[in-house]
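Same chain, two partners: subunit A is paired with subunit B first, then with subunit C.
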Partner chain A sequence: MRLSDREQDGIIVLEPKGKIMGGPDASLLHDKLYEFIEQDKKKVVIDLSQVDWMNSTGLGILISGYTTLRNTNGELKLASVTDKIQSLLTITKLVTVFEAYDTVDEAVESFK
Partner chain B sequence: MKKPIISGDTITIPSSQEYLTDVDVFIEGILRGYGADESVIADVAISVSELVNNAILHGNRSSDVKTVKVTIARNSKDISITVVDEGQGFNPDDIEDPLADENLLKEAGRGIFIVRSLMDDVDIYEDNGGTAIKITKSIG
Partner chain C sequence: MTLELLKTLLFFLTGAFLVFLAITITRDNFANRLNRVTGAMLLFAGLGPIFVALGEMIDPATTRAAFEETTIFALHYIWEFFFPLLLLFSWIFPVDRLRDFRRPRLRYIIFVPYIMHLFIALFFDNIIEYLGDLRIDTGQEGFSSLVMQPFAKVMSWLHLLVSFVRSYDVNIFGAVSIVYVLAASYFLESGKKYVANPRLLTQTRVVLWAMRAGLGLLLIAHLGSTVLPYDLPETAKSVLMVLAVAAGAGILIFATIRYQFLDVRLIFRQSFIYSITSAILVGIYILLVIKSKQLLEPVFGEQAQLVSYAFIILVLLFFQPINNWIDEFIRSLFIRTRTDHRNVLERFSRQVISLFDPARLRSIIEETLKTTLLVEKVYFVLYDDKVKEYALLVSEDNLRRVVIVRDDLMLRGINLLDTPTYFYSLADYRDGSNLAKLLDERAVKLILPMKDADHLLGFVALTDKAAGYTYSSEDLNLLGVLSNQMVTALINARLYVESLERIRLQEEVTMARQIQLDLLPSKPPELPCARISAHSTPSRTVGGDFFDFVEVDDSRVGIVIADASGKGMPAALMIAQTQAMLRSEVCNGNPIDVVLRNINQHIVESSSAEKYVTLFYGEFDIKSGRFRYANAGHNYPILARANGELELLTAGGPVIGALPRMLYESDAVQLETDDVLFFFTDGLSEAMDKDEVEYTEERVRKYVVEHRASDPQALIDSILKDVREFDPTYPPRDDTTIIALKINNGFTPYEG
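Moving on, here comes the complex of A and B:
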């Protein structure tokens, strides 16, 4: 997995690419997320458009970020969720937890 | 064992997550050779990654003297993949329901549930003192 990040209208946008399956690559997403939380940047969108698939480790990182942000008055939202990941969110009922938008722009706009 | 070893339809890796990608490349390459469609390949790859993670972390407890063996086989309609560790085994009935309200926001505990959801069949058994999990998926 590769990871890039940017800021759009004051919102952090994380852009993982590839597969999130555990080990060093999954730590990268976790660590970057917490780096921004420590900087008090607590409005985060994760753009999943270029993630081929993720497993339960990836879902665990999303949940960790979601709960940590929620507990510190922040918010994590998802954008451009692919069919494969949407399917995983549905079977695990996590679709009821995460706020998801079709595009990053829509997700960023939703914070206003 | 210091690095993955591939022998025919089997890859054996040391008990470290740094080798997850090696297993994924091996499995996905064989499945593409079988002509499986991309959605099936992703489902199998996700499932194998779950099982190998469990084998490394929970089965072998990341021991550097233990290995994880992944074998792929095919018949006319199905592929099957068996993941074997050298751990103490586990009782799948002990796994909590990840869909229960009290577990929904737990960061771990969904792996086997996801595998059961994505695969057609999942068989868990003892193998030479370790645990073997065989998953089967139709590609026909």
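Moving on, here comes the complex of A and C:
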């Protein structure tokens, strides 16, 4: 997984690319989130449009990100969720937990 | 007569030996003040016995009295300069404390009494004569006598004083000497507290013993007349004094050879030993040859000459082997000590070969350098593979690390080195270097690079040696070899740590697998109304699958299938925890939705957020055929109806352990005759072919529906076969767990 980030209307947009799996990916996302939390930027959208695959550990990373932000009064939303990840979220019934939007713009808009 | 001669010879040899020692020590390191002072001290100490021997050589019976009046005899007092030099020595050994003196030049005052003594001894007669001449003048009448009278008075007093000093000089200056030795041993003793290095401490102790021995003999010589009932003759006194010096010098020689006192190099120490052993051996042989000639003559008469030649040849034949043998013996006694360079290397190699703990290795290196080379302080800058950076470890506190940035100029300079190098010669790399600053603060003098191929593993930084000794070329050679050995040892230690890590991981995998296997039921329960089969394929790395059957009560059996996220030990512990929780919740008689809610809350609180378990739990009522379940984010189990219809068991809630306070709903299905329930984990549906195309849940569902007529075990076997055909690399990267339940043909629910 490669991870880039940008800011859109005061909202942090994280753009992972490739496969979200265990190992280094976890600390990569985690460290990035903490970096923003320390700057008091706690509204985050993860753009999943370029993630082709995610295993159970990858899902764990998302959950941990969600928990981390929520514990600091922040919020994590998902955007452009691919079918594969959508079905994973459905089976695990995490759709009820994660707010997911079709586009990044919609997700950013939802924070207002 | 023979005794006299022996005594003279002994004096002469002692003196010569001391002078030899003095020259050796001074030559070995003239730049060092300690070596210079010690050399001078021993030189004067050696002159004493030589003068005594010279005195003895002149026939004492006839010319003694006359000789004692000569200038040559008076010159022998020069040896007394030994005492002020001894005092000076005690100020600079083991730690140079002269630097602390406010007026260092005043130290030369200590020589004044002895200069006076020599002056009086040399010119005493002249002075007496001169004073005597002046006294004559006062007897005359007239003006000149009036003027001269006060001078004459002064002169007569002086005359008296000088005569007094001259007649008791041995006692007066003997007393002064004792005071000097006492002061010196006091300063030496007080200097001990500045010394931390064990080898230097031993040297100091030995030197102190040398002084005590000398002092004891001096005291006997001078106080003998008052303590002992009889007065010692002059000769005995001087013999005792010379003995005192010889004893002191002897112990000093011992310290030099045995404890590398003054850091005298091996080659000089060896030359000592060789010279002495060879000289003694030659002396004994010559004595033997002469004696043998005397013995042979009466027996062999004319042929004695011939026999004695044969004897000489025999003696010469044995000379070399015996000399070698004595050499070896003495070397083993003195030279090959713990501080000998070759011994250091041997010992060091032996130690580090079996040493794999990096911290212990560092302390051994440090100890070796401190004890053998008397290095005052040792610092390590080492590359840490894990964090990929160089850091300075403060030796007295290995926990403190000062990180050196990769592009530090000094670090780059050191990277170019191959051999031990003086820090000052790296002046080109100082600009803006933090490392240079750190090394400056620690007064580092020498850098020992440790290189593996072209990679700098780090370096050892050494301060000056204790007592201000400097590094010799012999030391630098030793350090070069040592640093090569350190490289090997460091690499060994690192490989060892890595292999330990691998073993640990391997053990963890084995343990995790064992935990997983222990948790799995040995065989499915046997039911009157249905058949159950289960299968579990562990993956190459241990995943987090598990399944379980729980006897809820007489009529209900619980079925659990779950998959913990992650792999290895964390996943294994997670499922162990979940299983224990579930069993206890079920036994407490809680309804299914409450069971999952409680497990979730418990796991959330006891594990980190990214860890979770997908879990399906259902209870089958064997009488009614009802199957009540709740699905916590697990792959939907398949209900393939006998008529080919497909239902998915989806009701429930989110995965277990991700988020707190989750709620779960339960649902129930009524199972009829020949219905098939098929539970599985994602290892089955996510099996991939070589193009990374997944087997998919749809395909699992389709397969189960198509093969619903099969017996449960046959269904499991055939779907596994199908997956293996799809994915030849099976077993897959994730574990696969399958449970199949089929209702017996003709089952009629009991309506209660």
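What we mean here is this: the second predicted complex is superposed on the first by the 111 of 112 C-alpha atoms of A that agree within 3 Å, B and C clash if a C-alpha of one lies under 4 Å from a C-alpha of the other, contacts with A are read in each partner's own complex, and residues count from 1 in each chain.
Note that in this section a residue touches a chain if its C-beta (ideal position, glycine included) is under 8 Å from a C-beta of that chain, and two chains touch if they have at least 3 such contacts.
Only a predicted model underlies this, so the values are computations on that prediction, with no experimental measurement involved.
Following the overlay on subunit A, a clash is recorded for the pair subunit B and subunit C. Shared-chain residue A:T68: touches subunit C; no touch with subunit B.
More residues of subunit A are in touch with B than with the other of subunit B and subunit C. In the superposition on chain A, A:P24 makes contact with subunit B only, not with subunit C.
Contacts of A:A79 after superposition: neither subunit B nor subunit C is touched. Look at A:L94: by the touch rule set out above, it reaches both subunit B and subunit C. Contacts of A:V45 after superposition: neither subunit B nor subunit C is touched. Of the two partner chains, subunit B and subunit C are each touched by A:L59. Once the two complexes are laid over each other on the shared chain, residue contacts for A:L33 go to neither subunit B nor subunit C. Overlaid on A, the two complexes show subunit B and subunit C touching the same residues of subunit A, namely 22, 55-57, 59-61, 63-64, 66-67, 91-94, 96-97. Residues of subunit B touching subunit A in their complex: 16-18, 20-21, 24, 39, 42, 45-46, 49-50, 53, 98-99, 104-111, 113-114, 117. Across the complex, subunit C is touched by residues 22, 26, 55-57, 59-61, 63-64, 66-68, 91-94, 96-97 of subunit A.
Against subunit A, the residues of subunit C that register as touching in their complex are 563, 565-567, 608-612, 614, 631-636, 652-655, 658-659, 682, 734. Per the touch definition, subunit A reaches subunit B in the complex via residues 19, 21-25, 52-57, 59-61, 63-64, 66-67, 84, 88, 91-94, 96-97.
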